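Labels run A, B, C and D following the written order; every chain starts at residue 1.
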């Protein structure tokens, strides 16, 4: 452990992106060459409402330092209402994690449309910076999943 | 056990320049289940696809992962390739190592490491993929066009000519749109009405076209092939079947003080009105807010003078419900409000007008019967100043960041027409750049300068002030690098255009996406410019982005072709990534049903055998023809009985695990 | 009141309205009555209704609804919220249920009495505001209100939400203290994240994953819990790592969010005394604040907060804005 | 016999913990459970019964058996280390000590459970006599004397003193290591305490339960009793009784995928759980009645039949106070035994 500390902290960040807006927004960020740190890895889901709190907790268990969920702007959901449900679910989940004493900066929801490549990139840059400032996720991790 | 093949694409240098593809291949080959891994220049090419097909056959692959560009780009390509080689197309996963990796990272080490992880996640997912079969859904052979301007009319005509029913819904009392307000069109200077009116008449007369004017789309449900739409036909207060369009009611109407929208408020109209002479339908509407009868209960002049007995004060809004296979949005544009541009004195001086107002002034049917005059004193101007880019290409939040595209050309047109008709009027144009790409466009502009002596000044205007009946214009000339202070009689502002403000509401109903400027987003900026990312929704005209009439008409035709292509099908293949309920886990609590936007979930009393326990249970059943695969139900379900095929809980968890490993 | 309940139950059994009675049966320690079915008027001799009848019988009605014939069930005011919620979720059969709403003056927590050092309890009786406790070490007294279960000190509602008839309902109406049920949640919210984390670590690390909280919970009515199935690879069963407890309790609370009536059974039955209701109440408090007051079980047709939305709902960022302490 | 003032116990704990791990009842978040002693913990010897018995000092609720890893196509297996250092468990009660004997019969007979055996070999148990037994206690029914705990060391609290008596070789060794803190004591005070304890036990409500009907010969009769159908009804199918029980020994073996490998661990399981006997073909106990019956038949009939009449209940009464539905083995004994 002592040795690790001297190494640079490379956060693990999972970004769930809805297929219709945010994933396309990330594609646009890509085709516009708008850089953000490679620590962010995107998982494509059909809609933000597909994201189960279990997925988020699982990511933290497995060593993620931050989890961000991106979906269509409220009102613009490809499936009409998916992001509204996602919004309530995540609001309550994040509030609960905060209540348990988990740093609330580790979770975030951002609405990114297919046209918002810039926003996608800025959001990811901001989020990675936030996770850097929080450091490694200790409170929600599972010791068994730590690599020695 | 799955036998997985991994194919890493170089995409020329797009990927290979930043991602060490050989290392990705090497790392992927070590993952459990992977029995084949290779890289190639262009996986999407025929040669690349052949490699995939051969590997599937030779190595008996059960699933493949392609590490390439976004799945939004080529997922279908690779699915088809897999299918051709005999495996289920849904046994394919894409690792997006271009848009999400090579294009945004510079460091090869970092990008390669990330590409390996993305590949790993895709491998972990495909290991849990199951073959999926698509179903079919019906196609209603009728299209809806929202907006009755030139874009909507052209789209409707093209669809109707191909033999399909089309309905046009237009918010105002007549079709025609912005183009009907224009006087002449560039670069040919032919009269706008002369080319538009025949199209309007043709649409009205077409036996496949139904026009709902003074109507709005109220509710949209369903999906591609079978949308159900509620159209609100607002009460016109005039019986369309009886009205002869004689116009007496408008003449006699005692309430004549309402600003005339069609003439951009430059004059007034009666409370019962048709917006313009060539309106289609030529049936007036009563503007109930300004009608004395509706306001006070007394009056009824129109009813008294109407020979046909067409006036009906009791008429109510009516809802028409209709099913459509496709919907085209052609909601057009408006000019922006100028309340944030006080420096031009638009709100204080009647002689500062917008270009669209100038169109009305120049038009023979306009408020001045076509005579160029100042609105303050009705005197002909001796000099005029045109200011370009008012609110366009605007760095601050007051205006729009984009170029409105049409202003340079119509300003040249205005300048030319004025110099032609009133050669003694001095015309000066302040511009940032003159943008004239397009056939005969630059020639047109040069004619304005060279033949008609329009004075173009490169520079911006800082202030317009009224002074002794004149307008004082302060600007700069960037070429001569000097300040300019000039007196003029009229100022015309080339006001930025913006999408019709109603488009937000419509886009929400259609679940079509919109960009930060409220323009509807196209499915692909280059390759699918007239399709919305939402299947079955098409875009026509300025609602998608600024464009002039020929471009609009071309796009309208393109949208029509896409609609016809869709309506020509008898059924559509549905997305097999639908929700599925495990009846042994379902306790029938109804949570899933409540969040389903498609009403795809119902409940059945079913006999189940739960590991030896036989009983009748209330369980959820998904109608896969209705399910669109959003997954809302899967999270509402606490027991995990509801899962989404293609994006199952375990598949997503496997991706999470692979990424966090 | 016990006698009135027995009389009425006998009538309903005899006239064939119901074929069985679900109530509480006298235990063997004076404080351990158990939920029980009574199939004949004779069996009702063991029927008891006193302060130790804390068990919420609503959930048993899932099983009772599948039995032949109608069932009479006794429900305290707070139990009726659970029953209503179960109706809403199609888990119980209202037609086959005859509900007698019974008055409640609050139910008791034997551990509060024992923690006060009272040992060797032989019997407990109530004398006005005082409990008279016979022990092998002599007779002791204990104030009734001090022995109330936490949930009863902050009783959320003294009126029955669903019933066929009421017996003694008036007795409970003015009884008991009515504290602010969110007080402890507020206290936790006011702590620093480090303190909150320490608090929950301390509490949740006691968890032995016995599933009592889940199995007693009327909202946890899944046929197979996700923590027992392979759907999410979450059937870990053990408490190997602190994460396991966090995961289990957060998800369980989340799954019942908007459905939990705050009946408090989870905390009542936890063998390790973990204040599990504080998790549920946090969700209830958040729901009330974010989406407007909502009490699960008050009705059978409203949309639950998590299956509902408005365009103007708060954004998840509210958590950071409000928390602000990181 | 030795004695030490109660207020010097921290010194005793420090001395024992100086050379080995010391487990004892610790108060945490208002509950008392066994835990590792450090200077910071709050030792609680007043609570008669810890929530979980001391069982998990020898048979922990979860323990890793081995981990395996696959790297570059090669599989490596790393077995978990067996306990090889001595440790002390301080504060167990007579019933819990008997509970260990029940476990011994299961885990130390062939095939020997090496993890349990290693802990038993290295663990020394110091048990305390129950000064004030409670109404839920019924150890007497199983022939256990709460006044004379049969551990490596027996201890008594009398007034301000702790009395200490080694009963086994391991006990002697432990005593030797901390002897400096003790003073010699005579047994009279302890004898008086024992009498008092036994007198209280006589008065306890469950001290005279009749077990005579629970014999191997009556197995089928008891198994087929219609009373089960009535008794199980309130059971919530949770595992509380199992997990607080000092004699329950069932476990499940599961794999945990850590992302970089797999940890195979075992954890307590409960016969009350619906998937307890789930096998490939299905489940042989499909109803809660069957599961409920299994638990009590095992404790009262099957186990004694296989272990020379030793019941696998020690009368600690934890299930009596912890069952969410107020069910417990006493109610079963009374009902089936014909008392109620």
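Following the convention adopted for this analysis, a contact is a pair of C-beta atoms (placed from the backbone, for glycine too) under 8 Å apart; a residue touches a chain by one contact, two chains touch by 3 or more.
None of these values were measured; they are calculated from a predicted model.
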item: Which of A-D and A-C has more C-beta pairs touching across its chains; value: A-C
item: Separation of mean Cα positions, subunit D and subunit A [Å, integer]; value: 45
item: Whole-Å gap between the CA centroids of subunit A and subunit C; value: 36
item: Computed distance of Cα centres, subunit C from subunit B, in Å; value: 53
item: Mean-CA-position distance for subunit B and subunit A (Å); value: 30
item: Junction residues of subunit B - those touching two or more other chains; value: 595, 636, 649, 653, 657, 660-661
item: Sequence positions of subunit D contacting 2 or more other chains; value: 256-257, 259-260
item: Residues within subunit C bordering two or more other chains; value: 224, 226, 232-233, 240, 306-308
item: Topology of the chain contact graph, where touching chains are joined (line, ring, star, complete, other); value: complete
item: Subunit A to subunit D touching residues, read off their complex; value: 62-63, 142, 144-145, 147
item: Sites on subunit C touched by subunit A in the complex; value: 185, 188-189, 193-201, 226, 232, 234, 240-244, 246-247, 250-251, 253-254, 257, 279, 282-283, 286-287, 290-291, 305-311, 313-320, 323, 326
item: Residue numbers on subunit A that touch subunit C, as the complex places them; value: 52-54, 57-58, 60-61, 74-75, 81, 84-85, 87-105, 107-109, 134, 139-144
item: Contacting residues of subunit B [partner subunit D, same complex]; value: 30, 32, 611-613, 657, 660-661
item: In the complex, subunit B residues that touch subunit C; value: 582, 584-591, 594-595, 603, 610, 615, 618, 636, 638-641, 643, 649-650, 653
